[in-house]
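Chain IDs A, B, C and D follow the sequence of writing; residue 1 opens each chain.
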Amino acid sequence: MADMAVNILDIAFKNPVITASGTFGFGREHADFFDLSRLGGISSKGLTLHKKDGNKGIRLHETASGLLNSIGLQNPGVDAFIQDELPFMKDQGTVILANVGGGTLDDYLKAIEKLNQTSVDMIELNISCPNVSSGGMAFGIRCLDAEKVVKEVKAICTKPLIVKLSPNAENISQMAESCVKSGADALSLVNTFSGMAIDILKRKPVFNNTIAGLSGPCIKPIALRMVHEVSKAVTVPIIGMGGIMDYRDAIEFIMAGSDLIQIGSGNFINPTLSLDVIDGIETFMNEQGIKHLNEIKGCLGKETFFN
Amino acid sequence: MADMAVNILDIAFKNPVITASGTFGFGREHADFFDLSRLGGISSKGLTLHKKDGNKGIRLHETASGLLNSIGLQNPGVDAFIQDELPFMKDQGTVILANVGGGTLDDYLKAIEKLNQTSVDMIELNISCPNVSSGGMAFGIRCLDAEKVVKEVKAICTKPLIVKLSPNAENISQMAESCVKSGADALSLVNTFSGMAIDILKRKPVFNNTIAGLSGPCIKPIALRMVHEVSKAVTVPIIGMGGIMDYRDAIEFIMAGSDLIQIGSGNFINPTLSLDVIDGIETFMNEQGIKHLNEIKGCLGKETFFN
Amino acid sequence: MREGFKSLKIKSNLEVSAKIFEIRLQMEHKKEIKPGQFFMIKGWEATDPFLPRPLSVADVEDNCLTFLYEVKGQGTHLLSKLRVEDTLDVLGPLGNGFTLESGKKIALISGGIGIAPMFYLLKNLDAPVDFYAGFRSTVYWMDKIESRVNTLYVSTEDGSTGHKGFSIDQFNPHNYGLVITCGPVPMMKKVLELCEGIVPVQVSMESRMACGIGACLGCTIETANGIKRVCKEGPVFKGKEVLL
Amino acid sequence: MREGFKSLKIKSNLEVSAKIFEIRLQMEHKKEIKPGQFFMIKGWEATDPFLPRPLSVADVEDNCLTFLYEVKGQGTHLLSKLRVEDTLDVLGPLGNGFTLESGKKIALISGGIGIAPMFYLLKNLDAPVDFYAGFRSTVYWMDKIESRVNTLYVSTEDGSTGHKGFSIDQFNPHNYGLVITCGPVPMMKKVLELCEGIVPVQVSMESRMACGIGACLGCTIETANGIKRVCKEGPVFKGKEVLL
């Protein structure tokens, strides 16, 4: 019988399937549809030190096999999260990742300090947020910016620290190496790709910010390549994601080197998609005689790249 | 009445629609389906100094709203092109771009020297090919690599020189600036994104090279964003592409700052797609009272970016 | 636990007016559905179109669920091509629905396809109702509505049926104890202006949606009481709350 | 000029065996179609699935074009859901087709859905033919074929019909002047080995395709005479040319 359990950083996941930040709220809505204890884990909506209202104007735009979003990190702030949402989440019987977004480095640090005091299992640090001191460019684009924020966060973070990489990074494997060197205990990738859309009748960008984040199956081939590259560059655990819509996609990410996977936009297409993926992985393992996922994790062997 | 004509670098295009390199051969196959003189231009299959057989194994893999390809620049070589294909192409009554791929810098230069002597209208320099001296990484990833090849090519190229950018560049607007600084007369973008796919039953990458190039509507939101960014960074003419499937997509690329557009994978879905796009642009211009495309080119105004 | 997406058999899918379709689905068992609630629907299997589409409940009769929809883009186009024997995936009912009040005289004001939730609402109202229905040109579902209301005011922009102009031209807010409206934003805005300080209004709002259940924060609108999710706190809002 | 994609009306789309469908289309006018040629078909409107799919011509009768296909993945699954009244977009005929020779005694050897091009071929052959048809379990189209051949050799892997084993078990290359084969690569490889130096063979090859017209170079195979496009120089190749 297949055993789907995965242990990383001394944390036990029932199975490799985590619901991705920003696509699953704090679990309350999906809890109406299924028993969340079936999940490997849940990553919270991205949290900031202070409450954020998010972006104005259109926030969603469908593209071919994908979705552009410009939510703008709407969230109740870390204090309200700890008080109102975390107790509910911790009751669900699954691993809880607190996904932390930021504005300034200082905001990141203050948010982490508050989360240190809680029962959150892990921190997932989202470095795709704009770095005000770097001209609005995200911390996650250039290695030097990322190193600085990861180092400082790591210095004070008492929880296992996952750094979530942006696919917009100049060089994804160097970025991965920089983050690990700076103290990341694990990496998750990918966040959304910068994309845009234009309303040709209005002759204006669809989004107030012009740029929005692309997710969904459209990005899967690129995300998978990045996970594979990163898995060759570092030895820390990897949480792979980007367009996972079924168990086959999940297995591809595991074979490309992921210890765990996350499901994002797929939750919108079907609120119980993560269950289908879990069941599908189990069936696949049984059919293929795979006892533990580490038998297939990163099983592609040493490959060279043609960039 | 709408006038779709576009003039760049003293070359007159009937309309802004060019068929993209590698998706239209040398025009012979599509000439069976429509009169190629209707096109704004044709970009040839990527040419190398010497004949290339291309890659072995699987060359195509369908993804959600897209296509991974690993053709490997199969082409008859520049001499055979000049002798066997160019006369036919020049007879079609449209602008002919010779797309040049390379292996080494020296191969690029020798190929360009041969094309200088011909009736080819423009050179489109594909810098996404692996740069042997840079460890197999493409010339189009790092600005310094690109500068070197563009400078040397420009020094000997007697035709208008379009440099075709790779979306895998570390920083697309810096790459654009570097290429223009080094002598590019125009830029075209995007080439395919590095992506991959895994055969989960075989536990192997689908492609012998592991990595393949992703094209099609799936990449459109990212390609459009890159074209927009580049159009803000440089003042040379821009040829935009990436997932254009209808006139609406084409208009988006023009509004994002493209002078001309190219249609790639769309040619596979329908051999006469480029005609539909041309007709659609004309109808749109008439309906919207647009007399010349420069009324809408780059019409989004000054936007700031949220990376 | 609530049900996730369910595949329902299509009983009929008919064009009742140009680009306006009525689709009837066979539910497996009775569901409690409030007027003004909606379903997320998906009539395709692959990932383009990617997202499900929200449609308001137009009628429920025994185990038959009816939607009334206008073909706008690719999603509704694909929906319009489905036929008897095909199935449609639906998730719901979702959202809050209208707050039904009895006793008061009620005006329902719709514009175009905003009529979709009104018939099922009407069937559940225990009060005298006047109905103001505006259309661009051709009218639909008037026969179903006429027998259930006090007075039916029909208007078309081109004057082809009823009053030439807008549905609100004939509407006097002082005659009612409650006004419920659904339709284009400019129309609903006008209704709110007319009713301000005179009579309470309920408006059914639209917004682009991804999840439909409150998880993505993509469908939010700004209201007088802060940011609200149309799919969860709405789609029905109090008139004095919304900022149009 | 050749026609681009054409929308053809579906006359029928029936499951003739488990996962094997026969679809019949109404052409507007007669086309010259050679046995062994194929069409690119598209039975969906959006961009997922992205590429059209190649299907061999299984029959042409008056203005009716027939394909026989096996449901493998999403494309053929979507195809199987189309019904009378729906349309299918087709591009073709494409490729070279079989080289018909008269006089010689011919063996046709198919495995599984490789039978697709064989019936139309048979109708166009002016020679005595023996047919070797192999299936995994259930057999199909045998009734259509039986009356047109000298001898029909049916085999199934599970022995449920005819010989238990493979179609080539009963085949003797010395009896024929030409052999034509279509089916799984291991089978065709075996045919080529058996026929080597004895009788010429024509094989119908498969490859993943994007354009279907020779422009993308995605469908190439290596042959004794260099790299060839299956869609343009093929799908039919001389046995001594292919390297299986």
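For the reader, a short list of remarks on this structure follows.
We adopt the following convention: a residue touches a chain if its C-beta (ideal position, glycine included) is under 8 Å from a C-beta of that chain, and two chains touch if they have at least 3 such contacts.
To keep track of the chains, here are their UniProt names: A, B = Dihydroorotate dehydrogenase; C, D = Dihydroorotate dehydrogenase B (NAD(+)), electron transfer subunit.
Because the structure is a prediction, the values reported are computed rather than measured.
Taking each chain's centre as the mean of its CA atoms, C is the chain most distant from subunit B (Dihydroorotate dehydrogenase).
Between subunit A (Dihydroorotate dehydrogenase) and subunit C, the centres computed from C-alpha atoms are 36 Å apart. Centroids of subunit A (Dihydroorotate dehydrogenase) and subunit B (Dihydroorotate dehydrogenase) (each the mean of its C-alpha atoms) stand 33 Å apart. Averaged C-alpha coordinates put the centre of subunit A (Dihydroorotate dehydrogenase) at 46 Å from the centre of subunit D. Residue positions of subunit B (Dihydroorotate dehydrogenase) touching 2 or more other chains, listed in rising order: 63-66, 216-218, 245. Counting partners per residue, subunit D has 46-49 as the residues that reach two or more other chains. Judged by the touch criterion defined above, the protein chains are all mutually in contact, each touching every other.
Residues 1-5, 42, 46-52, 91, 208-220, 222, 226-227, 232 of subunit D are the ones touching subunit B (Dihydroorotate dehydrogenase) in the complex.
Remark: subunit C residues 46-48 touch subunit B (Dihydroorotate dehydrogenase) in the complex.
Against subunit D, the residues of subunit B (Dihydroorotate dehydrogenase) that register as touching in their complex are 22-25, 28-30, 32-35, 45, 53-54, 56, 58-67, 69, 71, 74, 216-218, 245, 265, 267-272.
Subunit A (Dihydroorotate dehydrogenase) makes touch with subunit B (Dihydroorotate dehydrogenase) in their complex at residues 63-66, 68, 130, 136-138, 141, 168, 170-171, 193-198, 200-201, 203-205, 209-212, 214, 216-222, 224-225, 228, 243, 245, 248, 251-252, 255-256, 284, 288, 296, 299-300, 303-307.
Partner subunit C is touched in their complex by these residues of subunit D: 44-49, 74, 77-78, 81, 83, 85-86.
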